[in-house]
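Each of the next two complexes has chain A plus one more chain, namely chain B in the first and chain C in the second.
Now for the complex of A and B:
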């Protein structure tokens, strides 16, 4: 009964979304002859689009209810939950499997689009086209959950209990990681819809960029958060001591983030100089296509992956949709390209616009390399009949130097001026940071570190961090002089007065801090696995562990095997006790939970290996030292704060928008 | 000082600066060359690209593949999993993988030294093993060469057997 109700809600949402497209299309046609009637049809199209959100929300609520009440007549409920699953996890298993994830995807998309239709309603000329394009994506995803991936499908047999959520997904980070990614993914569909609207109407000024800049930043923020949380989850749960494996599913989430990053930078040139208009449209089109591509890869298991739980037959439907959207978008972009000519052209190689251009080039090169490597198995099979794959080492070698170049640009580009910059100006500003970075690197060499890749990376990180910090110092000092403010006030005022700029630099600092952590953990990780009897000790670098004992106990339906491990420093002084453990769930699945001693310098991370062989007085342990790893997470936090500052609604912008709304209202009244 | 980077340099002569387009050509050539170099460097590095095969493909051409760095994909036969602690420093993890769990005759025996037993290593899990054949019917996994995928029953689908 419940299932039929949820099913109907999805069908109604699909019908509403289809109607919305048709009505929006008809409004364009009516607009030519009868404006009032055209407006009515447009309102009707919008209302139909808005109703999809509550309908899908009802479907989600019913699914959650079915999950909570153990309604095993629904196949999905059988797959993702069990009677023993705690309440919170029952709720979050809404996105624990394929069909539920797509349901949540559709819901978030309709929510995002709904907010855009309400807040951007005064964009009357773009609106019908944006409604059609956004609506088309909505129809596609709603179609998936209405038919081939129906979450309410009846179970083939009535089970007394479900299989339960995969233990790996029972982690708090795994609960919030997928929705963040989906928010990022679906958020990018709004700027795409408006960009297409601009292409289709020929209204190719900065209007669509201004309309969607904050949307893009919000989508980008969620995607960043999704990526960072995913990395942290892997680090905490998968027990390999790593956070990024260049796995296809990780890569496809990273690709739209990269093109989104390129877009956020290149729109600034269009706003300041009226250049790169075609490029900006193309970037948002690519970002949209990568979002669809990412969902295709994750949801159809097209590429082998540690994460791809899904194997399904929807890949051809998906593929068809993606190719159609590619041809449709590319067709419009090519058709309008002549109208998107630049108002200006590049002056000097040493200028802000050139710096942005190089930034875009490097980001797109990285995107292309990752895309090419990710699809290498498919491509090689197509051309040679045999499948070849590319490993993490190849990804690191190919993208590492380009990421280093980006980090360097991050420091230098903000020093450049529009039009052109003199070498002397750049040299004067970078002298001190370069000197300090060089001294620091010399110190590191003296300390015994000689890997050339790491040293170059560290020099760039120090140099760019110095330059970025000086940007704040100089600007704050100028404020102190002119306004007689204290240092904290002056610094705070920078963020208030130019949040986009100084929030942006904070994002740069966050990335540099993350890079510091990545260099440390990538180049200097160490590990050792050893079997110890009670009281026996083993060392890794400066750490010595002593295995005390193993304990076994039950916690709800989970059987826990826990080791007690004392940790000593190089002098033999006791530091701490760690409790790595393995949780064995009711269905026999194990989950290794590491325990770590975290400091600003490094993580000393211990896992209990092979729980079946563990006895009370003997166990196999694996130790990892992950140098500087916590800088990666700390940098992530700085990055998020920076993005929030840059994306925060600007009071001045809001006043302008309000004035614009009034102007439109007055004009409309005048008609 | 920093505000100056937002102000336009006055009296700029765009005609004159456009003569510097050679700068852009040089920069573009250098950047493209750098990108081509890093990609080629990655492909020529140790490891390079790796051949992916299924168990049956592997068994069919075992003699030619022996000694090559490969990735073999197959389904784990649950009762073949065995973990042995040889001595304090060394452990051995072994299991069989097959292409068809319903007909598990063509098995490939995987051996991994000093690897923790992955949480997902269990019956019906899909294993992606990177390593080399030793020529005696045993496939030796590389360090960190074991990748396991969740058993597909989480998605309610039967394992899909690749041809």
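Now for the complex of A and C:
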């Protein structure tokens, strides 16, 4: 009964979305002959688009209800939950499986689009096209959950209990990070819809960019958050001592983030200088396609198992949709390319424009390499019949130098000026940071570290951090002189006056701090695996562990094997006790949970690899030292704060928008 | 007469080396193989069933078997390269985490270089085109450069 109700809600949402596209299309046609009628059709199209959100919300609510009330007549409920599952996990298992995830995806998409349709309603000329494009994506995802991936499908047999949520999905970070990624993914569809609107109407000024700038930032914020939380989850739960393994699922979330980053930078050139219009449209098209591609990979498991290709039709539906959107968008971009020609030229290779352009080229090179590597399994299978994977070292080797170049640009680019910059200007401003960075690196060499890659990376991090900090200092000093403000006030005012610029620099600082942590943990990680009897000790660098015992107990439906490990420092004095454990779930799946002693310098991270079942007094442990890893997480926090500042609604912008709304209203009344 | 023939003595150091070399396999075999040794080899191999998961951290049964196979072979005195070659022969080169520098593995090494080179060429041509003055010149207004504005402001205040 519930299931039918939920299913009908999805069908209604699908119908409303289809109607919305048709009405928006018709409004364009009517607009030519009868403006008022055209407007009415456009309003109707928007209202239909808006109704999809409450309808999908009802569907989600019903699904949650079915999950809570253990309604095992629904296949999805059987699959992702069980009677023993705690209430919170029952609710979050809404996105614990394929169909539920797609349902949530559709809901978030309709929510995002709905807010855009309401707040950007005065963009009358772009609106019908944006409605059609956004609506088309909505129709596609709603179609998926209406038919091939129906979350309310009846179970083939009645079961008294479900099989329970996959253990990996029970961790709080795992619960929170997929919705963040979905929010990021769906958020990028708004700027794409407006960019397509601009292409289709030929209104190619930066109107669509200004309209969607905060949307892009918000999408980017959520995607970043999803990536960082996902990395933290891997570090805390997956038990291989790392946070990023260049796994296909990670990569496809990272790809749209990269192109989104390029887009956020290159739109500034169009706003200031009217250049790179084609490029910006292309960038957002690529970002959109990568979002669809990422969803395809994650949702159909295309890359994790090439052989699943023939098992389900959904890949082909997805693939067809992606190719169609690619051809459609690219066709329009090519058609409009002549009109998108730049009406400006560059004064010099040394200029803000070219700095942004280099940034874009480097990011695109990284994107291409990661895209190629990620798909290499598939390509090699197609061409040679054998699967070749690409290992993390290969990724690091190919993209590492390019990332280093980006970090360098991060420091230098803000010094450049539009049109032309003199080399003297750059040299003068970067002299001190370069000197300080060199001294620091010399100090590190004296301390005994000689890995050349790490030293170059650290120099760049110090140099760019110095330059970025100086940006704040110089601007605040100027304010202090002219406005007679105190240092804190002057610094605070910078963020208020130009939140985009100084929020942006804070993002840069966050990335640099993260880079510091990444260099530390990538270059200087140490590990050791050892079999210990109770009371035996083993050392790794300055740490010595003593295996005390292993314990076994049941926690709800989970069987836990836990080791007690004492940690001593180099002098032999006791530091702490760690409890790494392995959780084995009812369905036999296991999860290795490390325990770590964290300091600002490094993590000492211990995993219980194996244990002797009977005597309980021997175990295999793996120890890791992850230097500077906590800088990565701290940098992530700085990064988020910076993004929030940059994306926060600007009071001045709001006033301008308000005035614009009034003007439109007055004009409309005057008609 | 006793002829004292001075023997040409085999240098002691040479004998030491020969004996040492002869004894080497026994020494290697006697050396205990640690988990770290196994991990060193295992992390250069991919799990054959999971996607791009190194064998040293993979919890599946297959990878456990592979790890004990690696241990056995190390105990038999085989080198890391020999063991990797054994797995590549048996299960295909795809199991190697570090792509081979021949055959299709070479593509992995060359592709990034090609991508970067192509990027450089496109960038260069694009920059040249952009620097050519066009009909509608439109240099930026000074207000676009906050640095200039800050300096102007400063000078006005000081003057």
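In this section, the second predicted complex is superposed on the first by the 649 of 671 C-alpha atoms of A that agree within 3 Å, B and C clash if a C-alpha of one lies under 4 Å from a C-alpha of the other, contacts with A are read in each partner's own complex, and residues count from 1 in each chain.
Simple rule for what comes next: a residue touches a chain if its C-beta (ideal position, glycine included) is under 8 Å from a C-beta of that chain, and two chains touch if they have at least 3 such contacts.
Quantities reported herein were computed from a predicted structural model and do not represent experimental measurements.
Trainee: After the superposition on A, what does A:125 contact: first (chain B), second (chain C), both or neither?
Mentor: Neither chain B nor chain C is touched by A:125.
Trainee: For A:8 in the superposed arrangement: first (chain B), second (chain C), both or neither?
Mentor: neither
Trainee: Looking at the overlay, what does A:588 touch: chain B (first), chain C (second), both, or neither?
Mentor: After superposition on chain A, A:588 lies in contact with chain B alone.
Trainee: Kindly classify A:44 by the partners it touches after superposition: chain B alone (first), chain C alone (second), both, or neither?
Mentor: neither
Trainee: Regarding the shared-chain residue A:493, is it in contact with chain B (first), chain C (second), both, or neither?
Mentor: In the superposition, A:493 touches no partner, neither chain B nor chain C.
Trainee: Per the contact definition in the header, classify A:481: touching chain B only (first), chain C only (second), both, or neither.
Mentor: After superposing on A, A:481 lies in contact with chain C but is clear of chain B.
Trainee: Could you tell me if A:75 is touching chain B, chain C, both of them or neither one (first, second, both, neither)?
Mentor: Once the two structures are laid over each other on A, A:75 reaches chain B alone.
Trainee: Quick one: classify A:273 as touching chain B (first), chain C (second), both or neither.
Mentor: second
Trainee: Once the structures are superposed on A, label A:166 by its partner contacts, choosing first (chain B), second (chain C), both or neither.
Mentor: Touch partner of A:166: chain B, not chain C.
Trainee: Chain A residues touched by both chain B and chain C?
Mentor: Of chain A, residues 239-240, 304-305, 344-349, 354, 358, 361-362, 365, 369, 376-377, 380, 386-391, 393-394, 398-399, 402, 417-419, 474-475, 478, 529-531, 590, 592, 609, 620, 622 contact chain B in one complex and chain C in the other.
Trainee: So in the complex, which bits of chain A are touching chain C?
Mentor: 239-241, 245-248, 272-275, 303-305, 342-349, 353-354, 357-358, 361-362, 364-365, 368-369, 372-373, 376-377, 380, 383-384, 386-394, 398-399, 402, 417-419, 474-475, 478, 481-482, 498, 501, 527-531, 590, 592, 609, 620, 622
Trainee: Which residues of chain A touch chain B once you look at their complex with the stated criterion?
Mentor: 75, 78-80, 97-98, 163, 166-168, 239-240, 304-312, 344-349, 352, 354, 358, 361-362, 365, 369, 376-377, 380, 386-391, 393-395, 397-402, 405, 414-421, 471, 474-475, 478, 529-532, 538, 588-592, 607, 609-610, 612-613, 620, 622
Trainee: Which positions of chain C touch chain A when the two form their complex?
Mentor: Interface residues on the chain C side: 34-36, 38-39, 46, 50-54, 57, 59, 92-94, 97-99, 104-105, 107-108, 111-112, 115-116, 119, 122-123, 126-127, 130-134, 136-140, 144-148, 150-151, 153-154, 157-158.
Trainee: Which residues, counting only chain B, touch chain A once they are in their complex?
Mentor: Against chain A, the touching part of chain B is residues 1-9, 12, 14, 17-18, 20, 23-24, 27-28, 31, 34-35, 38-39, 41-43, 45-53, 71, 73, 83, 85, 87-89, 91, 93, 114, 116-117, 119-120, 122, 128, 130, 144, 147-150, 152-157, 160.
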